[in-house]
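Shared chain: chain A. Partners: chain B in the first complex, chain C in the second.
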Partner chain A sequence: MAHLSNQSHHAETPDHEDRIEIGSLTPHFQAHGFPWKQVLGYVASLLLTALAFVLVMNHVLPPTALIAVILVLAVLQAMLQLGVFMHLRESRGSAWQVIVLGLGFFMAAGLIIASVWIMMFKAGVS
Partner chain B sequence: MSQAVRRYEETEQHLPIEFADYHESVKITGFWFFLATDLLLFASLFGTFAVMRFDFAQGATPAQLFHYGPLILETLLLLTSSFTCGLAIYQMRRNNQKGMLMWLIVTILLGMGFVGTEVHEFVSYVGMGATWHKSGFLSAFFTLVGTHGAHVTVGILWALTLVVQLVQRGITPRTSRKLFTFALYWHFLDIVWVFIFSFVYLSSMTGGRIA
Partner chain C sequence: MSHIIAELFPPSTLRLFELIADVLIVLTTVSIVGVLTYTKKWVWLWREWLTSVDHKRIGIMYLIAALVMLFRGGVDALLLRTQLAFPNNHFLGPEHYDEIFTTHGTIMIFFMAMPFLFALFNVAVPLMIGARDVAFPRLNAVSFWLFAFGALLLNISFVIGGSPNAGWTAYPPLTELRFNPSVGENYYFLSLLIAGIGTTITGINFMVTILRMRAPGMTLMKMPMFVWTVLVTGALIIFAFPPLTVSLALTLFDRLFGSSFFTLGHGGMPMMFVNLFWLFGHPEVYIVVLPAFGIFSEVVPVFSDKKLYGYPIMVASVLAITVLSYGVWVHHFFTMGAGPGVNAFFGVSTMLIAIPTGVKIFNWVLTMWGGRIRFTVAMLWQLAFIPAFLIAGATGVLLATVPVDYQMHNSYFLIAHFHFALIGGTVFGVLSGMYYWWPKMFGYMLNERQGKVAFWLFFIGFLVTFVPQYMLGLEGMTRRMYTYPPGLGWSSLNLVSTIGAFTQGAGFLVIVYNVLWSMRYGERDLTGDPWNGRTLEWSIPSPAPEYNFAIVPVVHDRDAWWDMKQSGKSEAFKVKSSAIRPVHMPKRSAMPFLLGLSFFVVGFGMTFSWWVIAIIGGLGVLASLLYGAFDYDDFEELDPEVIRRTEAGLGRLQA
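Here is the complex of A and B:
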């Protein structure tokens, strides 16, 4: 597999839109004989889930701390799904999905946190 | 499509088939944009639930409704289906049509098991008088969890159409892109479920503020 230098190669080939642009891929796509990545990802997701359930079932922490811990576990598991199963960083050319999804998560967090924050004042007026 | 479409194995370059055609690969990027907007839909429903979760209006409380049994079953079914969907993509990239179809069908069956368990759970809540107009908590709960369940149901129907296409047309740059976007959708729903079981169910079972 030759490393292509992007720009110069584009100029030479008129049909570059349909050409395979291996040079701009980061990282390279995985191709193993056994789906280790998927199996390990599944085991890790089961462990994170089991941990969340066991912590809550045994009430190992005060409620507020417990909720914080299981939310952290949920975020870890979301990152795992994105990285292992959704191939987040695989793309042809620029990985726009990372930027768009980052913006989506930022707006989602803002939406939820701001809603909870503003409705905390409900107790003061009703 | 036409001669511009090159097969993965013909090019000797390690680009998966779903990215092999430029126009199809753009649709994958476009689907990520859709997922970002779907994320905002779920974020607003999570925000609503976060605000309403203690508004029981003398109706049922999470402690009365939620049980670990169905929750663990639903979670296991969906986590496993996410894994089998990942295996379907893995086999698709290896150009193994049989393996891909087998894991896709397993994914569909697990998804059906999830929806069936959830419908059973909802029916039992309604049987206990916990309908969605009873309280703010129940409205927010049924809207959030129901929207997720509707997404999974749509995903099952989508996957069934893909089974037909993949059997008829085989693994082409176009059908593989369709399966890849379905996989993105399916894993995304698994992520949403992780937040539902953590924030909606488990956080209500921590022993904090019950009615």
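Here is the complex of A and C:
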């Protein structure tokens, strides 16, 4: 999944038109050896999820605190995934990444706020 | 033992139709296995197709699967219409009717419309942008096999364990375990979850392909319109599928693990499911219709002999539709009663979306204006699309008017609206695309005369089916009712609608005949450019060779191939032998197939809560993923000699 990050590296080699295209297709892990970073990132993600689950199942915290804590855990996990698996900051063109991420946050926030607004009617009927 | 059998084959799977279907399935399977064994084709099938990562082959497999699913969904539709043909009919019982409309809707949307579009993405997009494959060829195969095994999981439900029965929208509490204890709904959730992973990957794959793999010179504003629509469809998929996944997974938790996200009791919030489902559902309708718009935007210029009118405006309106389509989802549940503020906001936003759509209609009409129109089958589907979609859109705006919607919601008026949109938009679109790109896929043309017969049967049948349904809706007939008494003024309209449905069925059969006939007798396409096309896929032979382009083209104009033909540079497409370089090609792989199979085992095990089976499947998933991650040997070099020989054989080598 890291194909893209290696494009620039391939583009420097000769017969470059083909290479640019192929650069995004070629395997790349050989260069890096065993992907420890990814494995650790995966385990950390599982732990963060399990932690949230345990907190909810065992009612350790009062509701407001609980929601706050699992939100924090969720944000942590999102950052972890972006950093480890989505190769944030690894490729050229980071400006684009910021724009697209911003758009993503904008959409997500909009959808969540609208959903809360829509579902507020529940307060009136039950 | 006996209780396992009772669980696998509850009474609902032992009804007459189900048994007939069983027999047919067994017979077909046996004969396919027999033919393959007799002709010793197993190895060929495995090597050339099941493990292929070539986007053209994957596209063809999507196409076959989609046509089979169109048949299955169509048979469902005919059963429903037969039941409704007469008042107080007893052809199907109420439970049976529920199951059939559920599988009809689910199959048509997720396992017919989507894969049909993905077939055309796969076949056309890399060729149109001058690429040799998609960005992630192996993931592309993963997408296909997850879709295929997801579809298989849903399709076995009616013979093993029982069919889902809560509608394609699967609202709780209809799906709550307490009220719906059979395994049918588990099939629905699991098959859509599995296929959904594949769809998400497809969205990402095609976005990356389009953004990163265009031929030199092809700026975004020089991309063919179809490519634009695929690009934004990818974006729609990436944003729309997470809410679907969440709502399906949480309902599955409710059913399998006793959680209470959407249950009536224990503080569950059933309406939140509805909210999440349509947060996906509305973008979904644009996911299936925008690419159809793209297909029409390719077909119209070619068969009008003119370039697309107002290209920048088309791009702008596609982008506007993409953004707006996220802001309208409440129009599917105005009657939930979220209050005048919410309903007014979403009513107005829905009406706004009609504007860019209308703009596109004007653009197509103006493209045809003054052109030399050729009435090919592909063009006929597009000409039928314009009025059909106009009616769909106009009635959609009516439904977006909140007080009107309180009257019309879930009536046959709604049914007619979305069938005008889905058939008139998506189905006409993919059929147009199928006739248009068929020679590029297979190297021969579909017979035009037979295609026209099929078109007229289907189009007239379509009007005869669904125009009366608008009237039935106005007369007060609600959707999903399995029968009705005489004397309400509904009887003759229903009978007419059923006749129309069978006419469409006849149209489909003519298409099948058309394909089979043309396989044998169809005119071969030796030029690679049978329609006098404008975009790059027509610059290469039909069917496209494995490596697509012997030499990657350089693009100067929007209609790149047209431009080359006009400026006499098409000769340059004859390849200079010395210019041919070795090409890196992705290697075939068994991983995607095995991954799909493992997911199928997981899904089957979880459906019945047979955890041992589910865990075995899960281990298979893990093993396939690990194997895929560490298989570094996934590319091979194609010898330039092979390319030279192929191109020479096609007469495309420069002397």
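Just so it is clear, the second predicted complex is superposed on the first by the 73 of 126 C-alpha atoms of A that agree within 3 Å, B and C clash if a C-alpha of one lies under 4 Å from a C-alpha of the other, contacts with A are read in each partner's own complex, and residues count from 1 in each chain.
As a working rule, a residue touches a chain if its C-beta (ideal position, glycine included) is under 8 Å from a C-beta of that chain, and two chains touch if they have at least 3 such contacts.
Being a predicted model, the structure only gives us computed values, none of them experimental.
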First, second, both or neither for A:Val60, with chain B first and chain C second: neither
Chain B versus chain C as contact partner of A:Phe121, first or second or both or neither: second
Partner chain in contact with A:Leu40 - chain B first, chain C second, else both or neither: neither
Partner chain in contact with A:Thr49 - chain B first, chain C second, else both or neither: first
Chain B versus chain C as contact partner of A:Ala74, first or second or both or neither: first
Comparing the two partners chain B and chain C, which touches a greater set of residues in chain A: B
Which superposed partner A:Met86 touches (first chain B, second chain C, both, neither): first
Touching both chain C and chain B, counted on chain A across the two superposed complexes: 1, 15, 17-18, 22, 25, 29, 35, 107, 111, 114-115, 119
Chain A - residues contacting chain C, complex: 1, 3-4, 7, 15, 17-18, 21-22, 24-27, 29-30, 35, 107, 110-111, 114-115, 117-122, 125
Complex contacts: residues of chain A adjacent to chain B: 1, 15, 17-20, 22, 25, 28-29, 31, 35, 38-39, 41-42, 45-46, 49, 52-53, 56-57, 59, 62-64, 66-67, 70-71, 73-74, 77-78, 81-82, 84-86, 90-92, 96-97, 100-101, 103-105, 107-109, 111-112, 114-116, 119
For the chain B and chain A complex, residues of the former touching the latter: 4-6, 11-16, 19-23, 25, 28-29, 32-33, 35-37, 39-40, 42-44, 46-48, 50-51, 68, 72, 75, 79-80, 82-83, 85-87, 89-90, 93-94, 183-184, 187-188, 190-191, 194-195, 197-199, 202-203, 205-209
Residues of chain C that touch chain A when the two form their complex: 131-133, 135-137, 208, 212-213, 216, 239, 243, 269, 271-272, 275-276, 279, 326-327, 330, 336-339, 342, 552, 581, 583-584, 586, 629-630, 632, 634-635
